[in-house]
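In what follows, structures are represented as structure tokens.
Shared between the two complexes below is subunit A, which has subunit B as its partner in the first and subunit C in the second.
For the complex of A and B:
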């Protein structure tokens, strides 16, 4: 994927020079290993800072919300699905966008890699499906396939579903993937075990809301946790309030979540809150045959009323 | 100054003695990372860490702290009257706080303990505390303490400085409070040439610091020019406006006051707040003077690197622990922002604007 950078710069420079877009939203090289920073380029000469590698896990659809400019946006598979959702939900117009699609080969899991080393990681590079990690006293070569972000390892939509330009040839989609093995394990638990599991899952939460704010779906002008009249949820790290926040947020994402992993990636204390959204994603798939963000022609199942709905309770 | 040698085999016994007279706090590994918290009975602090995920500020300034309690039950004589919440200000000791976190308390003190205003909750907790610091023999690549008025063996804010010397700790006595604690633990063997040993370790540690910031130009910059600098849109673009940087920061001191009522009884609490949140500045009228994320990101950096510098005249409101750099989900790096601010020349920048 490293070779994508040149093509991204070339396309971006052209779009800016032609005046087709006012800005291109992409990533620039971060100041830490395994971190890149979302950024914009407004002048053709700014495209030199744009980069692409396996550390672009933040979802750039999140940076489009309610913008007024004409925008070129770099979009891997999940970003493109959230762009579709954004368009359906009127958070951006299709004709404002030039989508520069990036056929994705997965992002690497910086927490997993960090936990594999005793000492601080000083640099990480990639080459031909390998990840080369250097610490102060050692160098190790890892197989990228083995250190993918958890959501990328089970991703079946690596190619952008909507695009105007492509940064590379489309990649082969992963096949025969068991997407929900982890969810089935939790589903099989007794109520008591589930309770303990969720207690433990969310115990480290500091209520910073990085998960919510990294999520392209969470664009409410005032989130329910920030409402004060009435105040729905307490402000402390009381376990009940913390769980209320996570559970309710997950429900708000039902049928809209693309499992892009931005929430888990953003969490400063490493909580896998994707467990919650993924369960709902699984239900939407199993009950309604629905995967979010694949088409501009249908609204998410929990967002649509159909007179011929087969369920009686809704009539 | 006196340096005591503490054999590591005497460590647990000494802490057990201390636990009779002090509530002990220290770094503890919880799942994947270390946090600073009150130790359970018999629990030992775990020194196999670079730094704790969150700073140690919660020892004195908890994320949520009850100030008052009240009853709404009109059958009770004192209903609707705020009463002091019970507090435990018995002596407490931080065992293994990093020097940067201890130095941060001195910065925060300027806010909570002034001639005009005194925050009794912060002051009482701070004064009840003894800080036994653990010097950093191996600082991280993101530590820029030595250029932020601090350092891996920095002593300001500590009562005792511990240095790990292999089989034993060297404990440098900095205050009377610290001396008293060491005596209570039964650690009283003076080290041979202790100060020299510490000095050697200190030099080695300082030589390992690779990151730095320049702050010499901040004071002379014109506030309104920095405020209007063209780089803020670029700096703030990636920001998610989550509260991570402020929550993990040892020097971020802002708090909110919240009432929580359950049935007819309730508490009034002090809770951490963050200038990254829109709610932080939302007025009752609905107006928000910091209505965009550019406003909010600028505020955080201007506060730490300009307003504080001008108001207190003792450097930046940062000890260089690097937590905000390591934990920012989108890699906004205070070192880069500090450099932009420190080297900003309005005339030059004006030429660069498209």
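For the complex of A and C:
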């Protein structure tokens, strides 16, 4: 990880000094353990703040929307796929970007780790695939593999798909992963059980919209939930309003979501709303052989017509 | 998301296919009637004393 950080700083410093970019968007240490935050380095001396470890789960593509500057951006596998999606959707131009690719070995699950300890976690460090967690009175060494974020555990695109610079050697992709076991379980439920499942899943939602705000796909100037003329969906935490918000948001991400996990990570009450986007991701893969953000050269299935699109459901 | 199969129908009807349109409408109406009302998405207003 130290190697990654050094390389990121070196590349960023070079780009800023040469004037190739106006800023580099990366990560800096947060004020609490496991809470790295985005960092906008605009001068060569700012690069000292940049860092890299397994707490960089925020999706930085989110900060590129409609920017006019030339930007260096740090991109893990999923970020790079969202950058591709942003370029395809005209939210940023490819030639405005210098993509600093970071081959990724997964981010750690802050919630899972916190739940393993009785007292407040004071520091979290990493070494050789281990995570060393310290609280006031204890120290524990965890296997990183076992505390990965759920989406990272089933990720098959750890390496950035486009990049101009690399912060480390490419990593081996995970193979023979069953990405959709959880989704198949829900698909097998009866309509009533499904309804109850979603009722339960979303019941704690406080409609703070942190999930939407963390998602690079949710860039509409006025989100349908904020619209008041007409008001498409109620603004309360009534279970029907909440479900309408979540179901519709998920559909807006169909064929675009990269399963980066930024939404789930941002939720203050720990709702696994990725279940919804992942179902759509699975459908896009099964019906159209599509995985979002892998190439600049193809249109996403939902904005292109092909004579052989599946249509068995149309009678 | 908890909607029964048979409640949602998709069909492709050209503006020249009046007969098909009638068939589809009748079929859909029958199928949905047979399922009965779906009130999952009905929002109940909070009761105010």
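To be clear about the criterion, the second predicted complex is superposed on the first by the 303 of 315 C-alpha atoms of A that agree within 3 Å, B and C clash if a C-alpha of one lies under 4 Å from a C-alpha of the other, contacts with A are read in each partner's own complex, and residues count from 1 in each chain.
Here, a residue touches a chain if its C-beta (ideal position, glycine included) is under 8 Å from a C-beta of that chain, and two chains touch if they have at least 3 such contacts.
Note that the coordinates shown come from a computational prediction; the quantities given were computed from them, not determined experimentally.
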**Prompt:** Of the two partner chains, subunit B (first) and subunit C (second), which one does A:30 touch, if any: first, second, both, or neither?
**Reply:** first
**Item:** Touching partner for A:234 - first (subunit B), second (subunit C), both, neither
**Value:** both
**Message:** Looking at A:313 after the superposition, I want to know if it touches subunit B, subunit C, both of them or none. Which is it: first, second, both, neither?
**Reply:** second
**Fill in**
Chosen between subunit B and subunit C, the partner touching more subunit A residues is B
**Item:** Partner chain(s) touched by A:59 [first = subunit B, second = subunit C, both, neither]
**Value:** neither
**Request:** Return first, second, both or neither, reflecting whether A:194 touches subunit B, subunit C, both chains, or no partner chain.
**Result:** second
**Request:** Report for A:242: first if it touches subunit B alone, second if subunit C alone, otherwise both or neither.
**Result:** neither
**Prompt:** For A:275, is the partner it touches subunit B (first), subunit C (second), both, or none of the two (neither)?
**Reply:** neither
**Request:** Please indicate which partner A:80 is in contact with in the superposed arrangement: first for subunit B, second for subunit C, both, or neither.
**Result:** neither
**subunit B/subunit C common contact set on subunit A** = 234, 238
**Prompt:** What residues of subunit C sit close enough to touch subunit A in their complex?
**Reply:** 1-5, 9-12, 24, 40-43, 46
**Request:** In the complex, go through subunit A and note every residue touching subunit B.
**Result:** 30-32, 35-40, 42-43, 58, 62-63, 111, 115, 120, 122, 204, 206-210, 212-214, 226, 234-238, 265-270
**Complete:** Per the touch rule above, subunit A residues touching subunit C in the complex are 191-192, 194-196, 198, 234, 238, 240-241, 243-244, 247, 313-315
**Message:** So in the complex, the part of subunit B that touches subunit A is made up of which residues?
**Reply:** 30-33, 50, 53-54, 63-64, 140-142, 234, 237-238, 240-244, 247-248, 256, 258, 260, 269, 271, 274, 277-279, 325-327, 329-333, 335-336, 354
